[in-house]
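After this come two complexes, each holding chain A, first together with chain B and then together with chain C.
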Partner chain A sequence: MDMGFVLTQAISQAIGVTAIIYLLATMGLNIQFGYAGLLNFGQIAFVAIGSYAIGVFIIQWQGSVFVPNLWVAILYAILLSVLLALILGVPTLRLRADYLAIVTIAAGEIIRLIFKSTDSLGGAQGINGKMGEEFYAINPFPEQDRFDFGPLSYTRNDAWVVTVGWIVIALLLLLTWALMRSPWGRVLKGIREDEDAVRSLGKSTYFFKMQALILGGIFGTLGGIFWAIAKQSVQPDSFVPAFTFFCYTILILGGAARVMGPVIGAIIFWFLLVFVEQFLLLLISNGTITFLEPTQVGPIRFILVGLGLMLLIIFRPQGILGDKKEIALDAK
Partner chain B sequence: MPNSAATHAVSELATVTAEPGVPKPDPLLVADKVNRHFGGLVAVDVDHVEIQRGSITALIGPNGAGKTTFFNVLSGFDKADAGSWTFAGNTVTNTPPHRLARKGMVRTFQLTKSLSRLTVLDNMLLGAGGQTGEGMLASLFPFTWRSQETKNTERAMVLLERFSLASKSKDFAGSLSGGQRKLLEMARALMLQPELIMLDEPMAGVNPALKQSLLDHIRDIREQGTTVLFVEHDMDMVRDVSDWVIVMAQGQIIAEGRPEIVMQDQRVIDAYLGAHHDQELTASGGSLTEEVTS
Partner chain C sequence: MHRGIARLVLVLVAFAAAGLVGLSPAQAEGQSITAFVSGAEKAPIPGVTVNVTDADGFTGSGQTDAEGLATIEVPSPGKYTATIDVATLPLGVEVKGGPERSINVLQGDKKVLFPLVPVGEGGDSGSGGGIFSSITVDRVLQLILDGIILSLIIALGALGLSLIFGTTGLSNFAHGELLTLGAFTVLVLNTTLGLNLLIAAPIGIVISAALWGWGQNQILWKPLRKRGTGLIAAMIVSIGLAIALRYTILFLFGGSPESYAQFAGQPGIDLGPVFITPKAIYLSIIAIIFLVATVAWLKGSRLGKATRAVSDNPALASASGVNVERVISVVWVLGALLAAYGGVFLGMTQNVVWTMGQFLLLTLFAAVVLGGLGTTSGAIVGSFVVGITVQLSTLIVPTELKTAAALLLMIVLLLIRPQGLLGRAERVG
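Coming up: the complex of A and B.
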């Protein structure tokens, strides 16, 4: 274990599977919160729907005529995601912004607890098994054990997962960019600034907010689908409210309402998290730090990252990509 | 010819008697028995009022008279407890604001609502109606909305020029001064090419020199065929620009008429000055203690 190892670990995590999952969910949040100003505190619910749709349809319903293959399961996952957005949005989007926040945070927990307590949906053990065989079957990488990219080394499956993950992200970034430079995106940003003003100009803000909620939710669900396929396992306790809060952290770190904000945020967030962890472990293992046990490193890295974020909010509230001028306007 | 239509509307008003609720020859907006109360406080209690098409009508009254609440109710931002109103012959009672705006009835706000983190030009473009690019799918295909966007931009720049904001078009609206925001909000409402524009204190915070040119803009709006209904405390301006004045106090319409007549009405003077009046002003006969603010 040395500094090179620490850095390699940090870099591989910064662009790895977990970062991709968080990034997809955060890109959804960017559309909802960053552009439209919707306070969705339950993005994890959309992620859970994606993961569980794959787990339940592929493993629990194995051989069912309704789910002939993975691709159909993905389609169902997206439809369920739209349904969830409608259920959350219809009663709340006409009300003040805080109602959506309350309802979404509750919905996230309700969904997790339903999955956890229903045996046919995996129960407390969750769902484990071969999910996404069709996906791995079309892996174009040649048959060999490991693939090395510079210092990074991947198994054949991981190389495929990560490649597809980033391709999907690139496409969704392109989609976000195209939407947000258009008149549609302009209405969304207007709603974020002052919904009543936009209503007075003849736009049905309810309709636009619903579209944003659905679209951002689908991004989160894609993250969930990716999670299930990449990890081959769906565990109820992965889908805790803290996930959404990390997404907000990533979003604010990178810069909200910036197309590339979530990307920068996710990469830096995961790099720092892993770097701090591995670096502390290194110091403990070579005896530099004696007052910490390796088991304490996990919590401590979150404390340090939290501290870093507080400093960021104080000294650079607009995030890395944000525009300081814009933030100042809020104060009026 | 819009010009002659406007003159026509004004000349028609000359023969209308000055009394609350009087019918107009060619009403665009008609409200009946509109009531809005907050708990025990009756904010709006308008029996009948008509706004003449093609005219500039001022709605005046002391602070707390219910002018803004009346605007809110008519424009769909607040729900009436009772009453009905029609716009251009269609019943629009409690119609949501975005529908009203599309029908041609647009309002601005007393507390300015400029969209801070959008540029001045984007604020303007948001006002344009019927945009193809506001469809989520169509928005992905710029060739479907580019030409419309170009036309809207040209129109927006003409309006910004008129309101002395053209040089600010690329700045964030949040960086404008209070008066400039008022101007922007008015210009933005005009992007909808409304039939009726309802302005809630358009002159508040605008400097005297600009006020004069704003008055010209308001006359201009009328000449182009748009009916103007505005709330204002500045009596000079009201006298200067309006064809008709409606006076509210304690939620009710206590007087209306041509400006030179209304301004001399004892009840109006009392309502404004809160002086010891020897005459009942409202049905309930309540005393008016509000002060003039302007």
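Coming up: the complex of A and C.
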């Protein structure tokens, strides 16, 4: 373990599978919170739906006539995500911002608890097994153990997962960019700035907000699908409210209401998180720091995330790329 | 059994020593499995034999102590099977999910839970039937009693949450941590400094009110209000604060549940159809006194009336000569005081653990929203609706889902009565 190892770890995590999962969810939040001003605190629910759709359809209900293969399961996952957005949105989108926040966070917890306590959905053990064999079967990388990109080294499967992940992200970024400069995107931004003004122009703000919730939810669900395929495991306790809060940290760090905001945020967030962890572990292992135990390094990372979120919101709510005027931080 | 106690003492001593230099001990050397055998409301069950075996022929066994814990050292990381000797269980109960658990030990101490339920309530894993058949008058009464105790704890947190929301508009996502901080402040006085809990608790609660209530408002929220920080920004700040505080507690104290030095593992007393521990009775009475006094203070005293005036309309209250900042300070002190007592209550009846407040936070919000955001009596009514619903829901849904029942209740109520049970009818969207 040396400084080179620390940096390599940090860089490979900053563009790795976990960063991709968080980035997809955060790009969804960017549409909901960044552009439309919807305070969705339950983004994890959409991620969970994506992961569980794959886990349940592929592993738990193996060989069911309704789910012939992975691609159909992905389609179902997206349909379920739309359904969830409708169920969540119909009652809550008329509510004030803080009510929306509390209801969405509660809905996320309800969904997690239902998955955790229902045995046919995996129960407390979650679902483990070969998910996404069709996906790995079309891996075009030649058969060899490891692929090296400069200092970074990936297994054949990881290289495929990361490549597809970033291609999907690039396409979705393009979609976001195109949507947000369209009339539809301008209405969303209008709702964020002054909902009554938009309503007075004859737009049904409710339907626009619902569309934003659905679209952002699908992004989160794609993150969840990716999670299940990449990690080959779906655990109920991965889907805790803290995930959503990390996404908010990433979004605000990079800059909300900016197409590239979540990308910059996710890369920097994961780089810093892994760098701090590995650097502290390095200092502990070579005896520079003697007052810390390796088990205490995990909590330090999260203390820094919490403090980072507070300081960002207080001193730089627009993050790296954003514009302070465009951040929906005043209750309406 | 003696080994278990010796280990516990060792941990406590290490804890005390480490607490003095502000650091927590590392996980114990080697590997072990700690079985926790518990009855209703996580009451520890002593004297149950737990056997541990693995595929290579290792066998070990232990007997649960007064804390309901049995620790069995194992030679190496790997897969083990822990089995409850059913012959040593109290009569009329069985282990939920069956008496056997497979455990994958990685490093340090691995905790396994063996919750006991009355015979016929899910002792065999996967038994779906028989849930409805087990509804008896005794069980309903017991759940209502447990629900009332839970309601009191929720009310202690929800009242402060509601007052802070009412006066400042802040949806404080770090309110759960006020409970955790209160419980840990008392734990440090109790186990590190060795004060008896009866002395440590009042001192700790006052310290909490000053430090975590008044101090937090002075250092963080007052400057933010001066800067004109928006309500949603403040809400996100409170989320960051909650994460930072929670993990600071984990960093300092470690993740394993702790108990206070006194009154732990108190045997229950039989009141005809229901069981209750004496400490729960005393704690409940004090909680009721706290709640009644707070409501009376809000209704009767000058400052209480000023608080309600600020809740109603801060600008108007300020123009009428009410010192709004002073009222907000008082509300933070009061909120932290009530929450700290709630934390001690929770810590004495269950465990002191870094996630205790986090798990209660959404329930607190459910209670406050049910009663109507910002209304005092609403928060208390909401707490009782939520607390009793949570416990009674276990009659028909799995225990893990009981929190979900409260959250669902909140969402349904928001649909049909968005202003809450006692809130004034006004447009909230």
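FYI, the second predicted complex is superposed on the first by the 312 of 332 C-alpha atoms of A that agree within 3 Å, B and C clash if a C-alpha of one lies under 4 Å from a C-alpha of the other, contacts with A are read in each partner's own complex, and residues count from 1 in each chain.
Rule of thumb we're sticking to: a contact is a pair of C-beta atoms (placed from the backbone, for glycine too) under 8 Å apart; a residue touches a chain by one contact, two chains touch by 3 or more.
Predicted, not measured: the structure shown is a model, and the values here were computed from it.
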Touched partner set for A:Leu79, first chain B, second chain C, both or neither: neither
Which of chain B and chain C A:Val164 touches, first, second, both or neither: neither
First (chain B), second (chain C), both or neither touched by A:Leu121: neither
Which partner reaches more residues of chain A (counting touched residues only), chain B or chain C: C
Partner chain in contact with A:Ile320 - chain B first, chain C second, else both or neither: neither
First (chain B), second (chain C), both or neither touched by A:Gln211: first
First (chain B), second (chain C), both or neither touched by A:Leu179: first
Those residues of chain A which chain B touches in one complex and chain C touches in the other: 329-330
Interface residues, chain B side, partner chain A - complex: 75, 77, 96-99, 101-102, 106-109, 113-118, 122-123, 125-127, 129, 131-136, 138-140, 142, 145, 149, 172, 174-175, 185, 188-189, 191-192
Chain C residues touching chain A - in the complex, by the definition given at the top: 23-24, 26-27, 126, 169, 171, 224, 227, 229-233, 235-237, 239-248, 250-251, 254, 362, 365-366, 369, 373, 397-398, 400-401, 403-404, 407-408, 410-411, 414-415, 418, 428-429
Parts of chain A lying in touch with chain B, wherever the complex brings them together: 175, 178-179, 182-187, 189-190, 192-194, 196-205, 211, 215, 257, 325-326, 329-330, 332
For the chain A and chain C complex, residues of the former touching the latter: 39, 91-92, 94-99, 101-103, 105-107, 109-110, 113-114, 116-117, 119, 124, 242, 245, 248-249, 252, 291, 293, 295-296, 299-300, 302-303, 305-311, 313-314, 317, 328-331
